[in-house]
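Same chain, two partners: chain A is paired with chain B first, then with chain C.
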Partner chain A sequence: MATKKLGFVIRTMPYKIEGSRLGMTHAISSQTVEIYLEDGDMVEPVVCFIGDGVLNCLKNQQAMKHYAITSLEQHIKNSLLLDLNVLICKEDIDKLGIKEDALIMDAEDIGGETNAKVVPYSEIQKAMESVDHLLFC
Partner chain B sequence: MGKLTIGCFSSLVGSLSLDFSVKLSEAAIQKGHTVDLWVSGNATMVSKKGQKAFKDYSFLAKKIQELVAAGNLKVTACEACAEARGYHKEDTMEGVKRFSMDWYLASSFTADRLLHIGGD
Partner chain C sequence: MKLGVFLSEYRTGADVLDRLTADKLGIIFVGNGVYNAAVKENGKASSVLEKKASFYVLAEDLESRGFTAANVDSRVKLVTYGDVVDLIFNDYEKTIWI
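Our next item is the complex of A and B:
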């Protein structure tokens, strides 16, 4: 009976390439991984947005309207609904002039109780050091 | 000997990251390790049968089939990523499996090392 921690570090911009979407969908798939594991074994993801990746966290995305695809906003909300640990780098949002109220911080509208956290890079570094495997997306 | 899990999202044509992933798999196997190769996103196309070799592009199908046949490489493609690209079950290269993304996370659970190569 063990838990393996996976750190998804999302650095790529939304919609330009598929990286951030795949990072989030893979993290969310941790919810069904038990079918492949022994009883009691688990995989626990943490999702960290750094660099240009913080742009995935902007509110009011219109992906369905413009591209007819689900938005990364919806994936972040689904992550929060599933109580995944979502960290957003404070220095990187500051660098891009993004205020915290422009970010997806909760999933209350779909019944989520977990919030995303804007944290200094040092906290993200600690999260990266605490995981068994890192996945840069 | 250890187990290496490699996840790759990069395209078969247009990026050499998949080329690197397969060559790294081969090198690890030659050292006695086992390798799980997860291909997702554009990388799923490396597991499609019927690929043709051209000198301008990496041709990885033959090498993958040799390594899979030898028994130390498991290649699994993301089913949703494949279907989204019009690549169906009957198009899958012999010896390659197709599962959902949780298979990759499960593979990482038992891996001694995970190398994740994000894509394009």
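Our next item is the complex of A and C:
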């Protein structure tokens, strides 16, 4: 029995390029690989938003309305619905003048029970050190 | 020359803007360019807004990224796609995209 830890570090802005969507999609889909694993083996992803990537975490994204695509907000909520560990860098939201109440912190509206966490970069560094595989996007 | 500039990047493109001169300059923030209109990094608005120009931000791109008119710098006018078409046809002789 073993747990593989995966780290997805999202540092790109939403929408213009697909980096952040790719990271979120991989993090969410990592849950499905368990069907290929031995009994008791697990995959444990952590999703970290740093730098400009924290802009993915703003609430009330209207991407479906204007672009007819799923918003990154919905991807983050889906991650929380699946109980993924979602970390948002405190220093970077402060730098960009974003208040915590403007961020997607939960997925209660779709039945999620896990909350995102705003943490200092040092905790994100620890998360990166603790994972077996790391993807920056 | 009356020049309309579409700026779709954040933090890049300012160097090109600095070299542009026009009798009338309009800067239209689209795509990730909307962050120039709505984000105050380290408490400061984007340096692009210090340029002598008229500023516009595309509402659809702004709202898609989770911002509202309340987040937009007072120097910037919120416009729709329809308004942008009017700007192109009525206000600017040439348009460029950076």
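Methods note: the second predicted complex is superposed on the first by the 137 of 137 C-alpha atoms of A that agree within 3 Å, B and C clash if a C-alpha of one lies under 4 Å from a C-alpha of the other, contacts with A are read in each partner's own complex, and residues count from 1 in each chain.
Everything that follows uses one rule, which is that contacts are C-beta pairs under 8 Å (C-beta built on N, C-alpha and C of every residue); 3 or more make two chains touch, one makes a residue touch a chain.
From a predicted model like this one, the values you see are computed outputs, not experimental measurements.
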{"item": "Fit-or-clash call for chain B and chain C when the two complexes are aligned on chain A", "value": "fit"}
{"item": "Touched partner set for A:Met128, first chain B, second chain C, both or neither", "value": "neither"}
{"item": "C-alpha centroid angle, chain C to chain B via chain A, nearest 10°", "value": "90"}
{"item": "Partner chain(s) touched by A:Thr32 [first = chain B, second = chain C, both, neither]", "value": "first"}
{"item": "Most chain A residues touched (candidates chain B, chain C)", "value": "B"}
{"item": "Touched partner set for A:Ala102, first chain B, second chain C, both or neither", "value": "second"}
{"item": "Partner chain in contact with A:Gln62 - chain B first, chain C second, else both or neither", "value": "second"}
{"item": "Partner chain in contact with A:Val119 - chain B first, chain C second, else both or neither", "value": "neither"}
{"item": "Minimal inter-chain CA distance - chain C and chain B, angstrom", "value": "14"}
{"item": "Residue ranges of chain A in contact with chain B within the complex", "value": "4, 6, 11-12, 17-19, 22-23, 25-26, 29-33, 35-37, 41, 43, 45, 132-137"}
{"item": "List of chain C residues in touch with chain A within their complex", "value": "8, 10, 31-32, 35, 39-43, 60-61, 63-68"}
{"item": "Residue ranges of chain B touching chain A (in the complex, touch as defined)", "value": "7, 9, 40-42, 100-106, 108-109, 111, 113-114, 116, 118-120"}
{"item": "Chain C-touching residues of chain A, taken from the complex the two chains share", "value": "13-16, 52, 55, 58-63, 65-67, 71, 73, 95-97, 102"}
